[in-house]
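Chain nomenclature is as follows: A, B, C, D and E, assigned in order of appearance, with residue numbering initiated at 1 for each chain independently.
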Amino acid sequence: MLTYTFRRLLISIPTLLFIAFVIFMLLELAPGDPMAQMPLTIPPEVKEKMRIALGLGEPWWIRFPLWLKQFFIIEPAYWIDNSFGTDLAGGAQRIVSFQSRSPVFDTIAQRLPQTLWVVGMSYVVGVIIALPIGIISAYRQYSVFDQAGTFVSMIGFSVPPFFSGVLLIVIFSVTLGWLPSIYDTTLVVNSWATFKMQIMQMVMPVMVLALQTTAQVSRYMRASMLDNLGQDYVRTARAKGMSESTVVMKHVLRNSMIPVITVIALGIPSIFGGAIITEQIFKVNGLGQLLIIALQGSDIPMVMTLTFLFAILIVMFNLIADVLYGVFDPRIRYD
Amino acid sequence: MTDRDIHADADNLLVAGDPTAPVKAVKARNQWLDVWDQFKTHKGAVASLLFLIFIALFVLIGPWLWGLDPAALDIRNKDVRPIVNALWGAEKVSWAHPMGTDNLGRDLMAQIMQGGRISLAVGAAAMILAILIGTFVGVIAGYFNRLDGILMRLTDLFLALPLLPLLLVMMLLFRDPLRSAFGPEQGIFILIVTGIGITSWMHTARIVRGDVLALKEREYVLAARSIGTPSRRIITRHLLPNVLSPIMVSATLGLATAIITESALSFLGLGFPPDFPTWGKILADSVPRMTAFPERVIWPGLAISLTVLAVNYIGDGLRDALDPRIRGM
Amino acid sequence: MLDNAAKPSKPLVQVRDLQMHFPIYSGLFRRQTGAVKAVDGVTFDVMEGETLGLVGESGCGKSTCGRAILRLYDITGGEVAIDGARIGKMSQGDLRPLRPAMQMVFQDPQASLNPRMTVEAIIREPLDEHTKLTAAEKEKKVGELMDTVGLNRRFAKRYPHAFSGGQRQRIGIARALALNPKFIVCDEPIAALDVSIQAQVVNLLEDLQEQFGLTYLFISHDLSMVRHIATRIAVMYLGKVVELAPRGPLYEEPLHPYTKALLSAVPEPDPALAQTRERVVLQGDVPSPANPPKGCNFCTRCPAVMDVCRQIEPTYQEVRPGRFVACHLYESTGTADATAGHP
Amino acid sequence: QDTNPGGERGRDGSVGIIYWQAPSIMNSYLSGGTKDIEAASLVIEPLGRYDETGAPVPWLVDEIPTVENGGVAEDLTSITWKITEGLKWSDGTPFTANDVKFTADYCMNPEGGCAQLAKFEGVESVEVIDDLTVKVNFSEPTPNPYGPFMGNQSPIIQAAQFADCTGAKAPECTDANFKPIGTGPFVVTDFRTNDVIQLEANPNYRDPSKPAFQNVTFKGGGDAEAAGRAVLQTGEYDYAWNLQLAPDVIAAMAEGGVGTPIIAFGTLVERIELNHTDPSPNLPEGERSTRAHPHPFLTDEKVRRALSMAIDRNLLVEVGYGDAGRATCNIVPAPELFASDNTGCLEQDIEGAKALLDEAGWTDTNGNGVRDKDGVEMNILYQTSTNAVRQDFQALIKDWWEQIGFGVELRNVDASVFFGGDPGSPDTFQKFYADVEMYANNFDGTDPASYLAERTCDKAPGPDSQWQGQNVNRFCSEEYDALIVKLGQTAELEERATIAKQLNDMLTKDSMSLLPLVDRGRVSAKSNTLGGVILNTWDSELWNAADWYRMKS
Amino acid sequence: MPDGADLPAGTTPVLDVQHLKTVFRVRGGEVHAVNDVSFALGAGELLGVVGESGSGKSVTMMSLLGLLPSPPADVRGGTVTFEGEDLLQLPLDKLRKVRGGRIGFVFQDPMTSLNPVFTIGYQIMEPLQEHMGLNKSAARARAQELLELVGIPGAAQRLNDYPHQFSGGMRQRVMIAIALACDPKVLIADEPTTALDVTIQAQIIELMKDLRDKLGMAVIWITHDLGVIAGIADRVVVMYGGQIVEHAPVKELFRNPQHPYTRALLTTIPKISGERARRLTVIQGQPPILGDAPTACPFRDRCDVAIPRCSRENPPRYDLGHNHDAACFVAKGSQHAG
């Protein structure tokens, strides 16, 4: 298992470099310009100078290796310097956003908490809701509960968040005035009151996002449970005189979780991808909002770094999913 | 194993000593009739099929019957409420606009019809494209061990690609050639469909690959090889039909995703020309006036949700119907 | 070389030192670190028109052997010649034209039929691949084949799941017969079937052999059935043939200790006889083919094991006319000693 | 509205401002984005500002230098600013002429990529006369010497803080860029880029009773609708910037009674540019939309006039802007002195337009519903950026133009592409690979000279200029160019105004080279409890945030 | 037929099944898989059940313990008396005590009957903890004992292994160990060796004989291999078409088969010794379809001695003496008995 993991990690390196290259070229080719958001009153000559100051004058074959160097050498060096007080980086240029002129990693670090709070929490909530729904739906296949579950999850899956989000705001913030419509990213949770505030401001975005997760995961859970409920070992467990709850929640569930866990693991990178539309609607200003603003502002270093981090997560979680498969399913051994 | 045993047992009771069985088989010779017979037993699927037919007629024949141009402005008749509002005595209703009109007086019914054409076409086409690519990559990766690694890494790459810049690049590179070749609407249509298609095949590919990996070890594949069937026909004849059911599931979800992605693109301003309604865009455009004119979000919202739901049920029904084992019972 | 003077017929299939190892990969760079020696040096001939039985425990490599002979695998070593053609190293493309002559009936009648193809399509597949018949001719031929194996023609449009095990196996046989093969590998064609249906299939195979002069390699672990159908029998243990003999002598006087144990384990369907029978119940499990024991493969379970067995691998040799054994008990010196030395 | 009762600094607690575009930096010289400049205006200030009428007001100086008071040299080659005594930076150090000079050097550093370089155009040098006097020398007579240090685009930054941040190093000073030390009413305590800024009252602010608010939360992100909702409906915020929403949407929100929309007009004009060159994709790249190929029908003045006549500008205003818009026929709608009295286009005249086209020989000869002449079909590709109101305009105008016999195809382009100057993209407004396009533009300050000068022949974007330049319709008239030269040499205000009106008319009613549609006001929203807000379109909206206070009921 | 008629006189049955009837509701009708099956099992006795595939052997046994999924299965009638209680009427929690506790069950397919993700040890310990209330370490010790009992070497270590690490024969032995865990009174073994090859089968048969002698439990052994039955059974029940068609002590059955199906079955098997038949005998025709409750003899279509009455009436089980009965009108002695 260990060597398998290690081997996959080794393969990931060229894969990731290639992905980085493709993303870079894609952004390079993409139209759009960091000057687009400057007012038209700024004359073109000035804009040209600003572009050059951003480093856009260089051709891609200089900028791409530079970015790689910054990403893989300079940024880690800064990180080490920060945590251990060394001086490896020697003041080299970090990856700097076009828009804010600040190091992109600082911004990402700043954004990570709210994204993890909201998108991560919604994922957790979604999964937690989805599992029992999936289990009950399968155990009582074609019951009213099952039919309702299918119905609700399909609707949940098909309503775009730009609609459901605004709908929630109109109901709970505007009409009822119960929940804030704007997420306060500066809130520091240090007391019961602030904790309550935090919960209140998270409720709506988490609900919107969790609906989607729930829809998908519960479908998988149901299918997987159905597969396993018909297996012979279930009968064996019953023949041993095990109670129904042991049979379902231990024997069947453990087997059904194997594919579901990998599905769940594969969904985790998307947490870090943020939720572009939902974040925008609730002003959560996490990584998703960062990405879309960077995209709209053609902030190439930011987009490149975010997308590449996302790629790393995808590759890693694919690996983790495969390894998890091996961990949870004793039949699978990779070496 | 078990399922096999159960089926085997169940089979006995069908074939075994039943003098009427062959007669039945002769009567139902056409296998598509069989499929249809089985399909009919799934109530949800039949209802969904009827709904889908209704929607299809609504968007295809509807504009022709209804005759109002969805882009025609009638500023005097703006903000007409849907006819049902007359029930509780709304002021501005008109039989000329049963679903109401928007803020420029465009007829909502005509827009929903026209929008449905595009949304459904985009959804279906992008889904089909995604399924085709996904199935192709999945089958090839699963069947040819040597290509597996590289194709799966390619899948990773596509998972990591951001859709928006990709669409922007595609617009940049292909919009004008496509526009001159197919006209503005079809050109954009092809672009959007391709964009959504090539960024959503990865899950299908993974699932299909997993299944093919297992299927290719099946004995009937070996049997085909012993006959001398070449790989490509083993794939088309033996593997593809047997991965149909996961593909079907992907297709259902894919259709939903494609319709919604298109609407998200409209929301982000990257979709069709502005005078081209789609369900997603009608919905996105109406969100700001949601409280004053709820019907404008309800119509497209319902249309999207019900279509997705219908396709889901049809997928379920079809999957059952296409499985000869279930059909046999 | 294996040719028996007593037999007038000539060998149709010659298998020489056939090896089929499935590589095991491990380590960082997926280097091959070992192999499952599923078939490890098997040599025999199948005479034209005869039925060679291949018996042995589950997992001893019978199926692999049968498949390797038909080159469904890329074999690791050795040579196979069918009807004079040396096919051991041919590419799959070159093999294609030879396929019609050699066919296979598979172990599991359910698994070897594509559940989504109609019976007709399944039987027609070889015709599609190798003949240029018109659709009508193919349909006619399929009909004939169904008649031959005793399937009602009206079942042509049905799917495999709608048949009983025996009928399914008939479909598999019809598919194998479609191209008028000379040689058919029957890989446990009856193992998955009910007793009463087993008999139907065996009878069918025998009828067909008579009718078309077929040659069979009949793989099975059902010794009583093999006794019924095979002319000569090869006994396999852990990837090797340990004994090969004509039917009569083998059942009357098995030589190899494994064969003895195998025969004694067959339950006797007569309670009167059953109680008198002496049983040699083997202890322990079959060693893994990835890691066979040193010396004789059977040394870990052999009731008559000697020290030499744990050191030196016995040679496979003809100890009596037509009888081949790989056992130190019968090594070199001759039968007399060996039998004497054996309890 | 009652007036600020006055009192102690920070007495009114906190105030929330929401900008749906999130500020990414607090240094106006590194980003020309309005959101950034306005956010920065809470902290750093220029020497002089424009008030809500466009009149200059002294800010960090005692008076605005003019020729009359001797601040501006007679020959118009220099301007001398006299800084108010006793001003302090928020860190307590004194504000001196050195800081002013440093600011100019900072921006004029060739490697810095300063966004406000245009403000310093023609500046030869900045001299420190004494601690409180600074003199700007121009290389040639400059009738409008109020570029540098005037208005929100060129605030003064602290020399001490930015000393190591000049030129190529400018972007490395994240701290300074995010938390500049300023003279303004507030100081940044926490800056989260593209998200939220937290500020507190500047303890060293010149007026001890200001600002009334101790804390400011400046939230960014989301969309205009959400920002409007937060101020007008839920009351979570006190001030929302630039609500680009349809008038009925704003009106519906305002019914909540929590807040009020506020409107002011400036020089922003939504217009349709008519391409004078041929954008046909069949032309080789590099010749498309260049003067080498005149447009097949838009070069015909009658056609352009007909297009204008078909438009009902008042209806557009009603649909798109309501009270926040005024139909206009001018490209320079304000200030009053410079605005032409041209109203000829306001009346829609479909029949007249048809007649005009008939007269010009454009008729539908092949019966396909689109007029043509000599095989040229009047098919128009009409592009604009993605924005709900613009799309409504497109729909309406398409409808009218089709009524008079044009074929219209619409296209909307993502704003970041449309307004981005990427020469590689076919979709920028400068490249103008379409027949007509719609966008809005304005000019800084009150003087339209440089704005009008953008329309000379040589300012047409083209392959030679990397497709930069603002004369996007490629209008070219020697007469116009000559008049621009004349304007540059005229100092007398009345006369400048006359010339400017003449130029405006040449572009609009005389040649119809572009079709002004709407004079767009700025709509923002404020909470009903927020006092002291004066919406100013000539400067930062937050220009007088020091005077804001909480109204007590 | 009278109770206890199945048993040699004087023995009291541990398990007494009377008129059991099980029906599956499937799409398009019903499958009458078990029709009016009655039999009894004496203490310490080994009852063999034979019959071709699909004759209802497994369903009968699973019905006893309510192990069939319902729907589709529906136990329509009959009584199953075990220790004075009718298992069919028992509430689920009491039934659970019987299952695995006092009646052990070994399923047909050893490859799939063990849960792949739990260790063997866990799976053996589960019923021990549930029924015998053992704590973890005691259960573990007992589990190890059981593994040794069924002849798995290195039991202590193997408790931590997963099913896939065992060979088929070993898995079947593990299944047996689980079934034996709580010292059941009755062991039901459903074709425990059909999926295995002869040498392993021989091992298991030996093991069974051993255990039965040691533990003295009653065993029901299902198979369609008459050879196995001949080797170990005391009495045999032959099933066909969801019914018991013949019942006799093992020697009697082989010597004197009365039902035509039994006779046919005995002739189909090729012999390992003795004269080799030139051709195998086959039972012509197909097994019956169980769509309805039987109104005629299910074997009539394949029967070589069928009389018209066979297709009018379903023959009852005629007692033929010597503890032997057969459901056939033409069986010796049925005439006088009927």
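By definition in this document, a residue touches a chain if its C-beta (ideal position, glycine included) is under 8 Å from a C-beta of that chain, and two chains touch if they have at least 3 such contacts.
Listed by chain with UniProt protein names: A, B = Peptide/nickel transport system permease protein; C = Oligopeptide transport system ATP-binding protein.
Note that the coordinates shown come from a computational prediction; the quantities given were computed from them, not determined experimentally.
**Student:** Determine the shortest chain-contact distance, in steps, between chain B and chain C.
**Tutor:** 1
**Student:** For the interfaces B-D and A-D, which has the higher count of C-beta pairs in contact?
**Tutor:** Greater number of contacting C-beta pairs: A-D.
**Student:** Find the geometric centre of each of chain A and chain D from their Cα atoms only, then give the gap between the two centres in Å, rounded to an integer.
**Tutor:** 38
**Student:** Calculate how many whole Å lie between the centre of chain A and the centre of chain E, each centre taken as the average of the chain's C-alpha atoms.
**Tutor:** It comes to 55 Å between the two C-alpha centres.
**Student:** Could you state the distance in Å from the CA-based centre of chain B to that of chain E?
**Tutor:** Here the centre of chain E sits 51 Å away from the centre of chain B.
**Student:** Quick one: chain A and chain B, Cα centre-to-centre, how many Å?
**Tutor:** 26
**Student:** Check each residue of chain C and list the ones that touch at least two other chains.
**Tutor:** Residues 164-165 of chain C touch two or more partner chains.
**Student:** Two or more other chains in contact with one residue: find those residues in chain D.
**Tutor:** 414-415, 417, 424-427, in rising order.
**Student:** I need the residues of chain B touching at least two other chains; which ones are they?
**Tutor:** In chain B, 1-2, 8, 12, 14-16, 168, 171-172, 268, 287, 291 touch at least two other chains.
**Student:** Sort out for me which residues of chain A touch chain E in the complex.
**Tutor:** Interface residues on chain A, with respect to chain E: 231-233, 235-244, 246, 251, 254-255, 258, 328-331.
**Student:** Within the complex, which stretch of chain E touches chain C?
**Tutor:** 52-54, 153, 167-170, 196-203, 205-206, 224-231, 250-251, 254-255, 264-266, 268-273, 276-277, 279-283, 286
**Student:** Hey, which residues of chain D end up touching chain A in the complex?
**Tutor:** 18, 21-22, 24-25, 27, 30-34, 110-118, 168, 170-172, 174, 177-178, 190, 192-196, 198, 217, 219-223, 226, 229-230, 233-234, 236-237, 256, 414-422, 424-428, 430, 439, 441-444, 451, 465-466, 468-470
**Student:** How about chain E: which of its residues touch chain A in the complex?
**Tutor:** Touch residues, chain E against chain A: 62, 65, 67, 92-93, 96-101, 105, 107, 109, 112-118, 126-127, 130-131, 162, 164, 175, 178, 181.
**Student:** What does chain A use to touch chain B in their complex?
**Tutor:** Per the touch definition, chain A meets chain B at residues 11, 15, 18-19, 22-23, 26-27, 29-32, 150-151, 154-155, 157-160, 162-163, 166-167, 170, 174, 216, 230-232, 277, 291-292, 295, 303, 307-308, 310-311, 314-315, 318.
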